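Order as written gives the chain letters A, B and C; numbering starts at 1 within each chain.
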Amino acid sequence: MYNKNNTLFIYCVFYFAFLYIPVLLLPIFSFNDSFHMVFPLKGFTFDWYIQMWNKSRLHQALFNSIKVGIIASVVSTFIALFAAKAFTRYKVKFHGLSYGAILLPFIIPEIIIAVALIVIWTSMGLKLGLIPVTISHILFCTPFCMLILISRMEGFDKSLEEASMDLGENSFWTFWRVTFPLLLPGIIASLLLAFVISFDEFILAFFLSSSDQTLPIYMWSQLRFPKKFPHILALGAIIIIVTSLIVMTAYWLRNLGQGKKKDFSIGI
Amino acid sequence: MNSTIQNIYFRSDQAKAYTLLSPALILVIFAMAAPMIVMIFTSFNTQISMIEIDRTFTTGRYEDFFSKPIFSMLLFRSVKISFFVTLLTLVTTYPLAYYIAFYVKKNKMLWIVLMTLPFWTSYLLRVFSWRVILGNKGVINSALMGTGMIDEPLGFLLYNQAAVIITLSHAWAAFAILPLYVSLDKIDKSLLEASYDLGNTKFETFWRVTFPLSLPGVIGAILIIFIPTVGDYVTPQLVGGTDGRMLSNMIQSLFGRANNFPLGAASAVLMLTTVCLIAALVTYITKKVSMRMS
Amino acid sequence: MSIKNYIKIKNLSKSFGDVEVLKNINLEVEEGEFFSLLGPSGCGKTTLLRILAGFEYPSEGEVFFDDTNVTSLPPNLRPSNMVFQNYAIFPHINVQRNIEFGLRKENLSKDEMQQRVENALKMVQLEGYENRYSNQLSGGQRQRIALARALVKQPKVLLLDEPLGALDKKLREEMQIELRNLQKSLGITFIFVTHDQEEAMTMSDRIAVMDEGNILQVSPPKEIYHNPKNKFVSQFIGNINILGAKIKSVSNENLLIEVDCFGSIQLKNYQQIIENDRINIAIRPEEITISKISDSNYDYNFQGNVKNISFYGESTYFYVQLNNSDKILMVSKNETKEPFSENDNCFVNFSSNNLKIIKD
């Protein structure tokens, strides 16, 4: 019945092109020997990559982004791990309310969270910088991590943990001997994806980072100047390739050992 | 802990569940709920100098918002643009999700990964890429002029609402494909066979069986795209021009150059209220519709 | 030597929210007994087993193992081990490490550990499977590993939650015999949960029949089959004809009973019964004979018409509609001298000593 549908297939190919052309354009132009992103391409060059290497502000921004990303992904994965266990292993009272509250930061417009945080932060007389950025990223990443870990936890039976208890292990050892190893691929996937989200996040950092630029803020500040622009292309090309590799690893890990029950939800 | 309390704790699943949930709930309360309450309070204050805010209660900022037509217009436009983004994304991704769910036999996982991968690569760069594609000296214009099809660059491509809608629709595609795919893939194929068997054509089967059963995915996609895009800042800023400016751009300037935190907070509160009302409306209509269907 | 009751359950109730799944359960299980909890799904048998294991805590009442109150003892501290319905073989470690899992605290030397694992595998006839993983085992093999993993702990009580449910019929029957033999040779108490009455009948020393959170009857299999205490038990165990009836008169020795579908009969008074009570008369299909002409060897002979015949190999079921009644009787025979076909007229014959009085 559903053997072939050429019309739909051709449509898919076009949509695929629509999805990928904007993404692939940047790496192509990053080797183009011109300040302007115009076809036809001029000549091949590595100049922009070399130029990028020498920007100290870029290094600082990269360092900031990595710092924020690591803290945000570790903390939100931890928080999400506990929450996921609560939701999958217990019949939580007010389940809908707690679940909705934890997922909310992921749904509501980021600018509203940004505004709320900048207002409370400044009204407490605190200085903006990487600390509020990190907090906002933890808030934003936790729902993602929780959804990833919940689907991983649902992938293995509660009776495995019960079997461990039955065989004489207490909660602590059951967690380390059974739950943790089975969740490990999900935990790593959660760490990787949360890192990518934090690393790419713009609007929260834009409101809250003040002078401590993260990488997206640095790129934003350079976009306006055509002369500074090509090295952003080089940077962008590297970011695209590295994040793609990280995300593919995360996808692969998430389905590791899940047998036939594949999971596509990347936390949606 | 004495043994009785320990026993009660041991028996109480609720206590254990909420202990586990507490870090997440504390995070939400202190990093989201509390700031939002402060934001609401601030929206009733007045900015008196660069750094000073008068904390006396006033509805003045809301009066400002509604007395200056630009604010309402930007709010309305944000909602309008989000509406079209949601519609365009759903219409363009539905066939794709449908194809993966029903026609792709091997490597479904690969298809899904490929369709969602662009979503993970820097949002900023993707939006920027659209500026490059649509600009006067951009990819489309330079290609068309290079082939001699046009002499002057097509100026209408960039800096308008259509550019914002296309760019956002591209950026949020993954959020539509996934819920749509999940709900379509869940549909038991024998239901469709039953429909053919009972004399429906493929087209009728789609409208009478497939589409109604995929509604949960459609609703999920609507909410997950519409709500966040109302508050999008990057896309209107980079490809919107004056015509494509949205409320977020105004809010940002109120926290930047215009330096009016209370008015910015009031705008954010009104944006949040609007979004909540629309989300509630969508959910309400869905419930009504699904009740009528069952 | 008197056999003592190893497990005692006293006044135990369990509710999930508003739903009471176990209602005032009292039960004693002897040491070394093969004891089955039998009932339809949702009757509370699995919950009762999970309370014994320590995964659920009773809302009321107490559980004793060997006269020690274990009600609030967590599962890891109980001298019982469980074979799970889906076996719960840890997928991230191999068979060897699955079986060793529960021995961590026993501080065994490497050789001792190896010996224990080997013995356990030998017991379930899976020598040489040490390095396999769960996904490399068949359903039956997983079941055996789960058994080995529980038994290697040398538990006082083995709890089995429908362990054969996922196996196909042939394998299930083999495992029934094997489990029974294993239990006999080890001499430990088995608590076996099942919804399959045949399985419970063939394996158990005693069976507790459960329904809607109550234990209806606790008896050895034969007793349950021949003297079911009520309608539910009689119908759940094997096939039976249940006929509505009313007590007409009661004397010291005899009961005169008006059976709805065929009129008056006399039975010995062996239960406390008063006049005008509604009761049921029950008779097993194999206790009725079917013939072309009335068979005077039996106390009662009624005319009827063969409505349906179902052939089951070792026996044949006849569904006979009695004349002047819409009641259909089930009659089973392993051979019939006279061939019957559908719509034939016939006689059904039975004796009063096969009739049982059963309350609702």
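Assume contacts are C-beta pairs under 8 Å (C-beta built on N, C-alpha and C of every residue); 3 or more make two chains touch, one makes a residue touch a chain.
Values in this document were obtained by computation on a predicted structure and should not be read as measured data.
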Across all chain pairs, which one has the most C-beta contacts? A-B
Measuring between Cα centroids, what's the chain most distant from chain B? C
Provide the C-alpha centroid distance between chain A and chain B, rounded to the nearest whole angstrom. 17
I'd like to verify one number: the distance from the centre of chain A to the centre of chain C, where each centre is the average of its C-alpha atoms, in whole angstrom. 54
Spell out, as numbers or ranges, the residues of chain B touching 2 or more other chains. none
At which residue positions does chain A touch at least two other chains? none
Going by residue number, chain C touches two or more other chains at 74
The answer for chain A against chain C in the complex is residues 156-157, 159-160, 162-170, 173, 177-178, 181-182, 257, 259
In their complex, what parts of chain C are in touch with chain A? 53-55, 74-77, 80-82, 84-86, 88, 90-93, 101-102, 104-105, 135, 149-150, 153
So in the complex, which bits of chain B are touching chain A? 13-14, 16-18, 20-25, 27-28, 31-32, 34-36, 38-39, 42, 53, 92-93, 95-96, 98-99, 102-103, 108-109, 112-118, 120-126, 128-130, 132-133, 137-139, 142-143, 146, 170, 173-175, 178-179, 181-182, 189, 192-193, 196, 220, 223-224, 227-234, 238, 248, 251-252, 255, 261, 264-265, 268, 271-272, 275
Once bound in the complex, which stretches of chain A touch chain B? 1-5, 8-9, 11-12, 15-16, 18-23, 25-26, 29, 36-40, 78-80, 82-83, 85-87, 89-93, 98, 101-102, 104-105, 107-113, 115-123, 135-136, 138-139, 142, 146, 193, 196, 200, 202-203, 206-207, 216, 219-220, 223, 236, 239-240, 243-244, 247-248, 251, 255, 262, 264-266, 268
